[in-house]
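Following: one structure in structure tokens, then a few remarks.
Naming follows writing order (A, B, C and D), and every chain is counted from residue 1.
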Amino acid sequence: METYVRTIKYEKELDRSFTKEILSIPGCEGLTNCIQCGTCSGTCPVSIYMDYPPRRIIAMVREGFKDEVLSSKTIWLCASCYACTVECPQNIKITDIMYALKRIAMRERRYPKGFPIPILAKAFFDIVSNKGRQTESKLVMNVWLKISLLKILKNSLFGLKLLRKGKLHFKEEKIKDRESLKLLLEEVKK
Amino acid sequence: MDKIKGNGEIRVGVYICHCGTNIAGRVNIKEVVEFASKLPYVVVSREYKYMCSDPGQELIKNDIKELKLNRIVVASCSPHLHEHTFRKACEDAGLNPFNFQMANIREHVSWVTKESKEATEKAKAMVRAAVYRVVFHESLERKSQEINPNVLVIGGGIAGISASLVVADSGKKVYLVEREPSIGGHMAKFDKTFPTLDCASCILTPKMTQVKDHPNIELFTYSEIEEVDGYVGNFKVKIRKRARYVDVEKCVGCYACIEACVYKEGKFPDEFNEGLSKRKPIYIPFPQAVPLAAVIDPATCIQFLSGKCKRSCQQACERGAIDFDMRDEIVEVQVGAIIVATGFKTFDPSRIPQYGYGRYQNVYKSIEIERLVNSSGPTGGEVILRDGRKPQSVGIIHCVGSRDKNYNIWCSRVCCMYSLKLAHLIKERTHAEVYCFYIDMRTPGKGYEEFYHKLMEEGVHFIRGKVAEVTDWAITPEEEGKLVIRVEDTLIGVVRRIPVDMVVLAVGLEPQPDADEIRRLLNISCSKEGWFLERHPKLAPVSTFTDGVFIAGACQGPKDIPDTVAQAEAAAAEALSLIDRKKIELEPNTAWIDEEKCSGCHICIGLCPYSAISYNEERKIAVINEALCKGCGVCVAACPSKAAQQRLFLDDQIYAEIEGALL
Amino acid sequence: MRENRKYFYYPGCSLKGTSLAYEKSLLAVFKYLGFEAPELPDWNCCGATSYMSIDEMSAFSLAVRNLAIAEKEKRDIVAPCSACYMVLNKAKKYVEEYEGVKDVIFKGLEKIGLKEHFKGDVKVRHPLDIFINEIGIENIKAKIKRKLNGVRVFSYYGCLLVRPFTDFDNPRYPTMLDNLVSATGAETIESALKTKCCGGSLTGTLENVGLRLSYLILKEAKRKGAHLIVTVCPLCQFNLEAYQDRMEKIFHDKLGIPVIFFTQILGVAFEIDGKELGFNHSLIYPDILYQKALV
Amino acid sequence: MKDNKFEPKILGIFCNWCTYLAADLAGVSRMDYPSNIRIVRTMCSGRVDPQFVLWGFKNGADGILIGGCHPGDCHYIEGNYKTLRRYLILKRILREMGINEKRLRLEWISASEGEKLQRVVREFTEEIRNLGPISEDRAFKLQLAEHKK
């Protein structure tokens, strides 16, 4: 027998505190001004791959559709090119809202499983937090290790090409005063 | 408070208005009434739901009579709204109207204060200030002045034309000033008007002719306002008649000069056709122009550029109307009222580079399409692209420059409707596929929604979404050579790319770029967007804060033709109502010199912007000519011996008010 | 306002890795033009886009540490990487605009003894801005030794340089890079894609998405007859150049379009040695720039 | 009131044609601002006698805001220029007297600038709140000291 998915939304299933939380984040205050014109989606270079176009994400955040928003691929597909933010006729900083949603999704571990983008973000974060600088080769290896070994094999030729041209090196980049960096990061996280 | 003059017993009545919940919702009225009743000289303190209503005014009138009140304080809204009302009530009850003071506890208190407690405290302070002040008020007489019955109308579009005709038909003299060579404004450029699709020139041209033939209208075209002096009832206006190099009285509009011009073909962008055709240096703006007279553009005419033209135009004119030595002329007129109808300008879409206007030749502004569909336009009414092809698909983009904080935040009100009209006309003329891209379809008006339905039946594609970009970037073979519109179809939730031959940008309306100069000349205000500000958005929509100056049409904000005409006729009625009073009563807030205190130091004389103060050599004192005084009080503030004083703004009154306010 | 502005060069992580050619050519051109900008002492990662996805305040604090170090020496920053440029400017702006951000960041700076050095006066500028508005296009023209007439260039701005915190060019329709490239005598190509996203880090994570975005730009450059693409951003350059053979396979299209940095094309016009300009790192060598016919 | 912070008394003297109307507009637009300000109206800012200011401070104002039309926009042609001149001199006098000159501020706010009015009143109130009561200014301390003798 065919099963039908219920799509009605009851008021009690919505999370209004989620909307409030987003509104309180610097850069997200313009959210409620959205007129649903679709400029963001039309301008976005990757909206065509998204499960919800940015316009709908804004509408859903505004109405407290927390589950749908946090588990969407949209927020991770955002390449943060800021095109929507520049064009939005209501000057809503959509890119900042996407960042805020990514952070909450990470915090609540709600991102799509096995999706490589949050993994890259986390790997990036860890390296920079410790060393103060990024070493691209190390970052790529860390990410690939987490996704699949197969990827390393598949890309080994590519890596060799880059190595030969001096575009890739394995010397670790780091800052000298890592002690104060640690202090700084600890302080602002409080 | 100790300095009260001994002019009899002072009996103050205080009236606190609830203004429904506007004040009472934030201010604890009972507390304020109680507080007021204990202030010095207060005999009675009352509250009422709406003080400005008849029963509210009756309350005051009765108290004046029965309790022998001789000072009144009303705490309600801004004096700009109802000071007049309450002064009148005092007068009706036999009290001199200037023994009244208003405390503004709505605009300045309840509407701007969040906390009820704070609002109540502030209201008390404002009431106290008013009571302290009113004690020092005295009876004053209003002076009256005769009103000049002539009316100046600035702007000769449909608003200015309509207003002029109403005023002139009542037998009053009208000076109509238009800066272009012909009257008619934007409306003269349109082919059809929405939603009735009646021909714009069929309804406009007769009105233009009426203006020309009306014995009471003196028309100044190609002219601008240079200077405005004076005040309500007695304005002196200088008009600059720009040299048109053709005598309008002699010219009969026979086109002989234009045919004779050394330029065989038009070479310069034709302003009336939005640059879609070319004109010669000597030209008649359009065949129905009023006045139907040629004009020479000195920026392109060889005679003006080099002084070495054959002047074949001059030779061709049998009536000798062409005069290369013509100079600008300043004409001075006197009027009692001024109607401003300076209209709007269309948004320049090249400010939005992603729509490609100016880069892609098949991207048009809507006003250009108005000329294309016009049977007297550059293509004789045929809708064709610049290369002569007939478009097979056309995209009309709404809200260009409107509803967008990057450009203009307001809705321009007319674009949805004129876009529907253009969609209909384009479809009718070309049978092209027409796409309308809108954010919200706004069709409030008689027959407007019905027109929208008609267009849906005609098969126009309505796509809800603000267009992201128009490019020549072809991804698929079908898109090659086309303009591609990229937009989210928000009702479906999918991004679409739609290739079209022609893009029409429905540009919004903006204030005239020089609206600010007119504002300064007339001493009126503009909203922060630059539209002229009406005295009250609902109750005084065509008046301004400057008495005797009225506004009509799109210079006050975007509006369509019916609304413009309605407003123009309203402005005309206001102007007539003012003029027919014959006399005007002036606010008695003029300054005078206390002769005993004046030391003859001359300080005030140089300060007066109206040269109302002179020096009496004999008595060695300054003298103020009250007929010239406008009541600013600059001399009063400067007088070192306190000899200069201003009625209604006496030092004692202001000191008392300050003392009272600082509760 | 400080007179005679002095600068620090802020490389960012990419210019020490995949985009060594950018660093080499930039420094070579700076040297040639007599523009001094020593490397910012002990600079750290700007926080970039990924960091912002994890923790906002940490991301801002990373950026501001760099700003504070520069301000301590009363110097401004030149940031050649578009992402660094945008992130540093954004952090500065948010500290200015949001009390909440400012309080937290200043607390952090206090902890590491930089608070008193940071007032927010430091400017973060892109070399393109420096070339156009500090050095001046006329001065650059005067120093050109080799005119690149006949070279058709697709000048590609990418996204982050012009959006959204830039004040030196129109974010919707920038022209500064075109102006600079034209100064070399090369011809620039008008295109709606000059500010479109190259795919950014998506190319590394969601290959099919990222590669398509890059491919569309290359395809448009080819369609408009470009000899080469000139860019201002390390990631754009990498995405557009390094994956071309892979794109050729996926999209069945012949590409082979050189993608170089704007500092490299300037360097060629200044006749700086190709090795100094980092052309040894090129995967697709821009032969066209060295063809004899040009001279 | 809030946090037991010092709540200053602020006097606003606004011209009838611009700033008073801006305050009306702020009201109509429901732009809230601190309730500390009490507004008194004159026809022109040029009517503001320096003694009004001194009288205001004497009667307990901790800050005084004068509002007029933008330069060139005065309803009475150039009254606001005269205000500006007097304001500059008055500031010097206040300084001499030992009153913090920041307690007096002149702003040009046109009839359409409700937002500016809101912003200026908010800023000014906050500034005066931080300055503390006028009784702590030197002039008043001296006066008090005199008094005790």
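One rule holds for everything that comes next: contacts are C-beta pairs under 8 Å (C-beta built on N, C-alpha and C of every residue); 3 or more make two chains touch, one makes a residue touch a chain.
In this text, all values refer to a predicted model and were calculated from it rather than measured experimentally.
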item	value
Chain pair showing more contacts of the two, A-C and B-C	A-C
Gap in Å, rounded to a whole number, between the CA centres of subunit C and subunit A	23
Approximate Å spacing (C-alpha centroids) for the pair subunit B, subunit C	49
Multi-partner residues of subunit A (at least 2 other chains)	87
Residue numbers of subunit C (touch at least two other chains)	172
Residues of subunit D touching at least two other chains	none
Pairwise chain contacts under the document criterion	A-B, A-C, B-C, B-D
Sites on subunit B touched by subunit C in the complex	352-354, 356, 359, 469, 471-475
Partner subunit B, residues of subunit D touching it in the complex	1, 9, 11, 17-18, 20-21, 23-24, 26-28, 30-33, 35, 38-44, 46-52, 55-56, 59-61, 72-73, 75-79, 82, 86, 110-113, 115, 118
Complex contacts: residues of subunit A adjacent to subunit B	35-44, 47-48, 52-53, 55-56, 87, 89-91
Subunit C residues within the subunit A interface of the complex	13-14, 16-20, 42-45, 47-58, 60-62, 65, 86, 94, 97-98, 100-101, 104-105, 107-109, 111-113, 159-160, 163-164, 171-172, 195-197, 199-202, 204-206, 209, 213, 238, 242, 246, 280-283
For the subunit B and subunit D complex, residues of the former touching the latter	78-80, 104, 106-109, 111-115, 118-119, 121-122, 125-126, 129, 520, 523, 525-528, 533, 545-546, 589, 607, 609-610, 630-634, 636-638, 646, 649, 651, 654-655, 657-659, 661-663
